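As written, the chain order gives the labels A, B, C, D, E and F, with residue 1 at the start of each chain.
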Amino acid sequence: MGKRHDQRDPSQLREVNFTLDYTEMALASCLIEVGKTKVICSVSADDRVPPWLRGKGSGWLTAEYSMLPSATRERTPREAVRGKQGGRTVEIQRLIGRSLRSSIDLRRLGEMELVVDCDVLQADGGTRTASITGASVALRAALVRLEKAGRIRSDTLISSIGAVSVGIVDGQAVLDLDYHEDSAAEVDMNVVMNNQGEYVEIQGTAEGATFSKSQLVDLLKLAESGIRTLLSLGDMALTGLA
Amino acid sequence: MGKRHDQRDPSQLREVNFTLDYTEMALASCLIEVGKTKVICSVSADDRVPPWLRGKGSGWLTAEYSMLPSATRERTPREAVRGKQGGRTVEIQRLIGRSLRSSIDLRRLGEMELVVDCDVLQADGGTRTASITGASVALRAALVRLEKAGRIRSDTLISSIGAVSVGIVDGQAVLDLDYHEDSAAEVDMNVVMNNQGEYVEIQGTAEGATFSKSQLVDLLKLAESGIRTLLSLGDMALTGLA
Amino acid sequence: MGKRHDQRDPSQLREVNFTLDYTEMALASCLIEVGKTKVICSVSADDRVPPWLRGKGSGWLTAEYSMLPSATRERTPREAVRGKQGGRTVEIQRLIGRSLRSSIDLRRLGEMELVVDCDVLQADGGTRTASITGASVALRAALVRLEKAGRIRSDTLISSIGAVSVGIVDGQAVLDLDYHEDSAAEVDMNVVMNNQGEYVEIQGTAEGATFSKSQLVDLLKLAESGIRTLLSLGDMALTGLA
Amino acid sequence: MGKRHDQRDPSQLREVNFTLDYTEMALASCLIEVGKTKVICSVSADDRVPPWLRGKGSGWLTAEYSMLPSATRERTPREAVRGKQGGRTVEIQRLIGRSLRSSIDLRRLGEMELVVDCDVLQADGGTRTASITGASVALRAALVRLEKAGRIRSDTLISSIGAVSVGIVDGQAVLDLDYHEDSAAEVDMNVVMNNQGEYVEIQGTAEGATFSKSQLVDLLKLAESGIRTLLSLGDMALTGLA
Amino acid sequence: MGKRHDQRDPSQLREVNFTLDYTEMALASCLIEVGKTKVICSVSADDRVPPWLRGKGSGWLTAEYSMLPSATRERTPREAVRGKQGGRTVEIQRLIGRSLRSSIDLRRLGEMELVVDCDVLQADGGTRTASITGASVALRAALVRLEKAGRIRSDTLISSIGAVSVGIVDGQAVLDLDYHEDSAAEVDMNVVMNNQGEYVEIQGTAEGATFSKSQLVDLLKLAESGIRTLLSLGDMALTGLA
Amino acid sequence: MGKRHDQRDPSQLREVNFTLDYTEMALASCLIEVGKTKVICSVSADDRVPPWLRGKGSGWLTAEYSMLPSATRERTPREAVRGKQGGRTVEIQRLIGRSLRSSIDLRRLGEMELVVDCDVLQADGGTRTASITGASVALRAALVRLEKAGRIRSDTLISSIGAVSVGIVDGQAVLDLDYHEDSAAEVDMNVVMNNQGEYVEIQGTAEGATFSKSQLVDLLKLAESGIRTLLSLGDMALTGLA
């Protein structure tokens, strides 16, 4: 069980920071930093729901994800210039949206659409899980404000959620992979859990490899401990608000 | 442990058929039928690899997925008319490609790109897992033919893979959900395994719900038994070829 | 008057098969096979007509055409991936739509849009004429079902239509060109007729050549005899239904 | 055989004018006016051929067609704003290109691509046939200039071509339909012929109707006489040049 | 203060011509020729305003700009084929729209959208300023006709506007640059003024250079004298109409 | 000469801050804050120049501009989702690119393309001028680093540039408009100058109004004083680097 390339233990998260309302135009926003990874997560509310939901009395939450071109060591071409979102972007924003929807009661929300924007300022691995974790904090702040404004019921929030990546690197299960580790990982798994310790999403991928049942068990344990820590830090970030 | 709406046991697959070379223009093709779900999986070979792989001596495999507009009870708008592939399509074809790449040795393939097309003629649930399972059979037939033609080495294939969906419906873990069950499922999980019993992909989603660790264990067991059966049937379909 | 490369007489069709409801999600579908050419033709009904027809009491019929990437010997890039339908596709689906609209009374149809999907599973020449011929059969089945369901009047169908290609190959007028002949043809003509022996469409093209009046006469005669046979076979395919 | 709404005989063309080099930036251009229909047809030469022709020693000709938004009584939305060319546009420019290619010897042209632009300034019916007729004149001027500049062989031109629409209006076969007649026509046919009296293209359409063999014969006769006149007028327009 | 390459004085415009209603389908159109530059400017009226203005009792004016591919010495690719308008096009049409909106009272216009199309038939420098100048003439004709038809108030027009380019070429300030001068200019400035001598837009650009305050003063003087002349010529073109 | 809504004098800038390398993946980056407006300006270097410059020994600089959806009080739809950049975006990034190109010697740069990304995190007016000012600082840092790495000559930088908006609000000329003032301004002018006091760009617009010569003189004076201050602050931000 050796140290990792940045001296972390296998079960150690990178340094994590939440800055509530780093930008102040949206209903609520949260800048999450996980090591060098920086993501601004913002929540807006729209009184119109998507066409297929109109008149049904239920709300919706949708998420969008993007990286600044300068977020990566080698500049990433801008999707607005290419004229469409790439496959990776689409996959990530669908994951973020699904995960967050599991944490609120859409019927209690009423006919309102919440739009969550996750914009990556700097990418050093784990941007999708940082997005989910940061967005859950921003979402909770947004719901408090909507409730204070009398726009939603007080019991719309079901749970808080957190997400982390785990993987097998050099044969060892590790928590919270940075870009360097992610590039070398045999197995890469993103886990989303709520504060009741239940799974919301598990996405395990073995690009060019496979993984066994015992490895799966190890990875899920690591993920659970990491998410518990992230959820505590998120709670603290919201202290001032409550 | 009651019967399901179509009289299947919880651990029972739908009827499965493989028809090799239903269409004959591609290098190899396989029509897979799982209940009413019908998918044509075809494999083509291209001597040019994507730009970022050129001159590196390694090959690539890419997958595309589509549904005929008439494949669903309510007609699905054609993506070529809308001008882009939807998020669900992109997510599925990325999954198919990643899974199949784990079953071959890309360096042994040499500078060649295999293109796998999964076109759904009729959709009744489980189209992405049927695509993976059928495409693995077509891929194996294609590799045999490429080897006979002297275009690839004999050890390019690493494993055969199969995929199945499992889920929690009315609180019960069930195997191979059809469209009716899929719409009502609390949890939906797609599992891809190889013939060594190792995981290639696990994608578990709880849209509007969550799932516990013991439920996860039950679902993975069901999936494993289903995939073993699918792999046997796939082997039989290839008997004439070998 | 020598034999053709596949031993057919100049005035001989390839083997033709109609399979009604090969897929069963649409209102009606027909798999037509003309030699190796295979097309699934499906008909769906939508209670909304296009915006420019709303409130006018008249219906509409629109057609879409596509080829599976694996339908051709050399894989054809997927239009949904390229982001738009090609010129050939657009031209063909406009022809199919126009032809079928001539066979029904749009005012009697009432405010309903029929959508015809022609998806080519395998292409060996004559896909546009096979699409029209197969779609006319599926359309007639669909109209019978709509009438039984009380959704349309019984006199909506005006005629049945059929289509075939004719051309000049090696100086000889031939019926129903396959891909091999089509590539070598000096003149290529698609003819659509109804069961009263009247023309619906004539599209004669001499890519890199021209044709004389007497050649035109010969080609039109061949086409008429071919279409009569196709219309008889189509009638038989619908026997079970009536 | 009564007069038409604009007092023309059934077999009478509208007034036709050719203005060579109305614009002077292209290699050659021709403004053709047929009644109120006005089209600028221009020819440019590019030393690069399309990728699929490179190194084969043969040339190519491609055509593009467009209407100014202000060309029609009701403004037509601009295709560049909508982000794609419509189906009608694609169909027309493919027809123009095919027709013109039949009038030159692509192998003698050598590795050069001729681009023909047909831009409709005002549309009053018959824009596609006016485009072909005007473009053939511009093409002939361009070939003379290319030959003088020593860039092509003197025998590249095979024939001159002309095109006209004919149709059945109120049961009567008429030549050169204007917009008013075109909207009311039961049958609409575009015919392209060369100066040897041979057919290059025949496109007969019966939107919502059909036509008999004897009607076909009448229409083809009308078309031939009209095209002969157009070809003579085109020759005169080129007199100054030769 | 030497002569320019085409023998003009530094403060001399090229020859200017206005042809009212060169095309006659739109509400009003004006062909403006400035030297070899030719632009058709047309005005259409639509009773619907853009969504964000509906129900507010105010009107709107929007402009679109395009060049025929054959307008330039080297053929310009067609934007409808490329699938989008280029940056230069977008910038120009926004400038035209803004400028023209300053010349009318949008509230007096009422709920109506005026669409101005500027289509460049031939480009020899100054197409954006010719478009503004020609469009102002067409707009005034259109307003007269709308007023006669009782569709707008008589005081909707605020002013007439004109535009011209000025620049520094070989160190000398010159008026109305043609393409040859434009390519060589150190500084290029487009000025839009109204008939009260007030500025509507100033856009000065020094691609690869800079300009001083005294140069700015010289350029603005030249522009003002040029625009006065253009406004007089525009008034004359409208004489017949008033 | 009264106070403004935020208590500033007419000739007073908002508080300005430059943070060099707020993100650290690009060659250089600068976060500029002007009041609540926040823009990350990053510079990347690419050894390939655009196709039209290849082999000419000269370099290029291109700029891209975007706003986070959450940057504005009312959420702005994401351009990558809409599938294209809007007209305003295109206009702004062309202005940024042109302005910055005037500050470097492209021939001395050699065959290298500099890409400048200006991403607006929060928008409260003046985002295009903040982008230019911040990007000039990032560009200077990038050039110092490229020179140290031996990739460019030491004399590539010609000047530093700064930009500011000025306008007429309630009849009074004011410097550095925030969003509130910008919405109410009769005239809006963006001025770009270099550290020799010469103009690089002047873009004056009177949406729904006009402006006189004396107003122009006042605005240009205000702009000059504001830019001098911005250039001093930019120099200080770079002190640590030199």
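Criterion: contacts are C-beta pairs under 8 Å (C-beta built on N, C-alpha and C of every residue); 3 or more make two chains touch, one makes a residue touch a chain.
Since this is a predicted model, take the numbers as computed values, not measurements.
The set of chains touching subunit D and also touching subunit F is given as E.
Remark: rotation between subunit C and subunit E after Cα superposition is 120° (nearest 5). If you match contact pairs by residue number, over half of those in B-C turn up again in just one of A-F, A-B or E-F, and that pair is A-F.
Averaged C-alpha coordinates give centres for subunit A and subunit C that are 51 Å from one another. Taking the mean of the C-alpha atoms as each chain's centre, subunit D and subunit E sit 33 Å apart.
Centre-to-centre separation of subunit B and subunit E, using mean CA positions: 59 Å. Of all residues in subunit D, those that touch two or more other chains are 83-84. For subunit B in complex with subunit A, the residues that touch the partner chain are 84, 87-88, 90-91, 93-94, 98, 101-102, 106, 159, 189, 194, 196, 198-213, 216, 220. Put simply, subunit F touches subunit A in their complex at residues 23-26, 29, 36, 38, 40, 42, 44, 46, 64, 66, 68-73, 75, 78-81, 83-85, 89, 115, 117, 119, 121-123.
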